[in-house]
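Both complexes shown next keep subunit A, but they swap its partner, so subunit B is in the first and subunit C is in the second.
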Partner chain A sequence: MRTRKALLRLARLAAVLLVVSTLCFLSLNLLPGDPARAILGESGTPESVAALQQELGLDQPLADRYVTWLGNILQGDFGRSYANRQPVADIILQRAPVTIELIVLSQLIALAVAVPLAAVAAARRGTAVDRGISSLVFLAVSVPSFVLAFVLIWVFAIKLGLYPANGFIPVSDGLGQNLGSLFLPALALAAGPAALYQRVLRADLVETYGQEFMNVARAKGISPLRMAVRHAFRPSLLGLTTSLGVVVGMLIGSSVIIENLFSLPGLGSILAQSVSARDYVTVQGVVLVAATSFVLINALVDLLYTFIDPRLRKPRTRGRQARRAREVPVA
Partner chain B sequence: MTDGTLLSIKDLVVEFPTGAGTVRAVDHVSLELGYGERLGIVGESGSGKSVLARTAMGLTRPGTARISGQVTIAGHPVLELGERRRRALWGREVAMVFQDPLSALHPITPIGEQIAEAARRDPRTTRRQAAARAVELLETVGIPQATRRVHARAHELSGGMRQRVAIAMAIACRPKLLFADEPTTALDVTVQARILDLFDQLCAEFGIGLVMVSHDLGVVGRHTDHVAVMYAGRIAERGPVRAVFARPSMRYTSALMAAIPRHRAAEQSLPRPIPGQPPNLLAPPPGCRFGPRCGQASPRCHAEQPPLLALGDAPGHEYACWHPGEADR
Partner chain C sequence: MSTAILPTGSWRRRLRAWRLTDALSLTWLGLLALAALALPLFLQLDTETMSATERLAGPSAQHWLGTDNYGRDLLARALSGARVSLLIGFGSVAAAALIGVPLGMLAGYLKGAVDAVISFVVDVILAFPGLVLALALASFLGASVSNVMIAIVVPMTPVFVRLAKAQTMSVAGREYVEASQVIGTRTWSIVVRDVLPNILPAVLAYALVSVGSAILIEGGLSFLGMGVPPEQPSWGSMINNGRIFISEDPRLVAVPSLFMLLTILGLNLIADRFLSPSAAATGGVR
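Take a look at the complex of A and B:
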């Protein structure tokens, strides 16, 4: 029974990925404009354009191109960049770690800020402390990450000189240096999500505090701290988990701006470069990787639910959290 | 302890400020309970019985209600203590069993851990001892295969089992006083009887004093020593169960008794419902609060609040009625 469910889930995941890859392929191949002409520019003669089209396989029917493309992707061949003939797979492998580190770091910062703030706000719900935190959070969610990035660069890099304003230092040059070079961009990417996490977790915590089992815990003589950590926290995690999955997916997109601002050699900056260079093959590869990551992360989140709340493992689920978790769409 | 009184409530008033005005949920209530005694508090929904129990235990938050009067539990002046010092009593000297055992148990934490947590309220208990105690307590409250069941979660148990777990949690540190707030209302009738028997057994075995809040006079009559009937925040009648049942003197008590379904042929008559609704506590009627629903009310009933008067038949039997006597059958 359990294996059948797991297989079913895998099959569904595969179907979603197939759809994602198809959309990814179509969206770029149905764009107006001819990549061969774009590459050759004004100087291209009709003959050289036709030759290049043939070389790139663009003279084939769309369906054939799709099958070839998908077959190659499955073998790890993402094609070669139109811009510099480098294999797109190499470009992605080289740049992905920077983006992953940036996103992971930013989300660790966001959680480190949001979780305690949510816990305090929920335990003191309705008080000045709660309202103060809410205002702060509202401010954070209102500032776009690129505006925050400028402020951070100005304060921390230019005025205080604490962190570099741009550039990436690999781990091989020292972990401290590496983290320092990512600190400001990670902070810029953390603010918005931190605000979202605080609001979501606070709301869930407040709902949990309203449940009878919290009154029972109090009547047992449990301290407020232990009540928050041991009783309230875990039943309140589903909203946060869902948000985390969605945000991480969206950050792959937001990183385009931040990586450009801070000159980080990640996926976001290569995406921007490839779009302006009309390097469609690279764009396609990066978008596919981003979309696939989004799907996989959210599949992982689905799986996480059952660890957070074992009631969700049962086919017949009951209760508030169970209902809500089921309403979360699959990827 | 000091004077043999386990629980003493004196002149307790609990008011909740609402947008529409102040609701006086408990209105000058005084009660006493000795060690090992069992008291039933009976009343309709909204009569203030649950608020009375929660406030007596010190659970009503001072920020949400205006509270005056005195409550003493085993010599501790509960209402004068801050939250931290009340917490020292909760789970150790006094505990509560709540109405709906499904929402009262933590949805994710295994029941064994929840009971062990309660047992750990005694600082001398180690983690290992608490885990062993959880198994022992599950056996005490009549859950078979306790060693296996400690790993179960609330949603995997039946309603009766859940309430047994909640009871195990409440008695983990052998409290002197146990409040039970409608402990069987959420359960099937057949399960109800067994849970009530369990309360009887635990009270007798461990000498626990019990305050059982219920809307069911029949339940209270069979499983407590004393009964207090509440109506619209006030005590309508109280006394030893036998005395009150033998000679219900306040009209509301007799009406409640007439509303109990009976099975025996000699008493065969359909239960008689009490007409009308309990009064709106935002604007309670003057005089006797039961007046508007009482068939025997006189002008005096609508003008003057009857005081609690002692009745000669048994010590402690008191009623608040201008025209005592059984309702016409």
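Take a look at the complex of A and C:
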């Protein structure tokens, strides 16, 4: 029964990925008018249009082109960027590490801020401290990441002169420098997720604190810190895990803006650049990679549940908390 | 509608349930809506007049919030941007809800094959990160207000489907629905009369939060130069225009940013007052 369920899930995952890739293929091929002309725009001479038509295989029927395209993708050939003739796969491989580092760094910051704030708020629930933290978090949820980025640039780079406003320093020039160049953008990306983590974790912690085994722990006279760390955290991690999936989607989106703003050479900035340069082959490749990673990460998050909360392994005995955690709508 | 969102009880208790933040949020949104929608009827907002002598001028009696790098009035442009942002925010959310909620109710009530098909389509659309999909759509469709709205509606609809489906499933098992089924009421009538009114509060609350998200996506698209066409100022494009002057005159970025921030904050605060916990968890974040 369980293997059947797992197989069904896997099949569904494969089907979603197949349809996603098909849509990416069609997006380029269903461009209004002739794709080659659309890519080249006004500047296209009849010769260059004809050459591109041949490169994209436009002289062949759509179904054939699709099979060829899918075969190439599976072999890691995403076609060539029309802007600089580089293979799109190379562009993606070059830029992905920057985006991944930025996202991981921002989430480390977000968790480092959110977890203690959630623990304090839950332990002191209903007090002025809790309300103060909640208000702060509410503000953080509502601030667009690029607005926060401008505030950071203005304060740290312009007023205090502490920090260059943009540019990226690779790890090869020193780890400290590298992390330094990512600090402000990571901070701008961290605020929204941190607020979300704090809200979700606080709510789950409050629920856990109300349960029997916590009363037992309290009765044993365990210190509040030990109670939080040893007893309360693990049963309260579900909401946080769920929000991880939501947050990755958010981050992929906001990294487009933040990378663009801080001139970071990541996937987000190349997406923005290729969109305005009408470099549709690159757009197609980056969107495909973004969607595929997003789907796979969400599948992993689903798997993570069962490790964190054994109650989920048998579907019939799911706790209320666990059920609720899974119903968080994905924005 | 305001009575429905407040705790029940005597008017005294209702009045006490109001907080300062509610009043401030409603005032801000009200004024903004009034200024954006009604002002143009009486007064021509001058968003375009450029002036070489008044470039980057500070606040004055003539220009309350000063001027931008072309000498255009910032307040007039921000209010004009409010019109674009509110139109796109409310318009695209209304469209997403009108498409998504019926589909979600069908999936949740009929289950089976209908649910399987609808849920699969939802999964596929949700596979694309929201802003990435909006950006790709906007670039393929080209810049116009309606295309930006389409680019926002597509990634937003599936969330309404999911929300409506989950809510419908929890309502569908209740006694009053079963009672209607037993006496042979038609399916559409059950869905419209018994299910819809009960899922509406959660849907409305989420819709309010989504208006904030839609405004944010529009801002992001305009910021990347893929939003509404340049002749219509929007908050995002104003921020984008002002970014190179950030060290010279941060006002150019600060004014539209503040308009956007206060609006999203106000929408979130009001939604939070009658929000279901699940929607509260995701807040107004993209």
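Note that in this section the second predicted complex is superposed on the first by the 284 of 331 C-alpha atoms of A that agree within 3 Å, B and C clash if a C-alpha of one lies under 4 Å from a C-alpha of the other, contacts with A are read in each partner's own complex, and residues count from 1 in each chain.
One rule holds in what follows: a residue touches a chain if its C-beta (ideal position, glycine included) is under 8 Å from a C-beta of that chain, and two chains touch if they have at least 3 such contacts.
Keep in mind that what you see is a predicted model, and the values were worked out from it rather than measured.
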Subunit B and subunit C placed together on subunit A: clash or fit? fit
Partner chain(s) touched by A:212 [first = subunit B, second = subunit C, both, neither]: first
First (subunit B), second (subunit C), both or neither: which does A:86 touch? neither
Between subunit B (first) and subunit C (second), which does A:23 come into contact with in this model arrangement: first, second, both, or neither?
second
The answer to whether subunit B or subunit C touches more of subunit A is C
Item to complete: Determine, under the contact definition given at the top, whether A:234 touches first (subunit B), second (subunit C), both, or neither.
Response: first
Touching A:306 in the superposition: subunit B (first), subunit C (second), both, neither? neither
Which of subunit B and subunit C A:199 touches, first, second, both or neither:
second
Which superposed partner A:223 touches (first subunit B, second subunit C, both, neither):
first
Superposition result for subunit B with subunit C: lowest C-alpha separation, Å, rounded to 13
Seen from subunit B, its contact residues with subunit A in the complex are 57, 59, 87-92, 95-96, 98, 100, 103-109, 117-118, 121, 153, 155, 166, 169
Touching subunit A in the complex, subunit C uses residues 120, 123-124, 126-133, 135-136, 138-140, 158-159, 162-163, 166, 206, 210, 212-213, 216, 219-220, 223-226, 239, 243, 246-247, 250, 253-254, 257, 260-261, 264-265, 268-269, 272, 277-286
Interface with subunit C, subunit A side, in the complex: residues 12, 15-17, 19-20, 23, 27, 31, 138-139, 141-144, 146-147, 150, 153-154, 158, 192-193, 195-196, 199-200, 203, 239, 243, 246, 248-250, 252-254, 256-257, 260-261, 271-272, 275-276, 278, 280, 283, 287, 290-291, 294-295, 324, 327-331
The residues of subunit A that touch subunit B in their complex are 211-213, 215-223, 230-231, 234-235, 308-311, 314, 318-319, 321
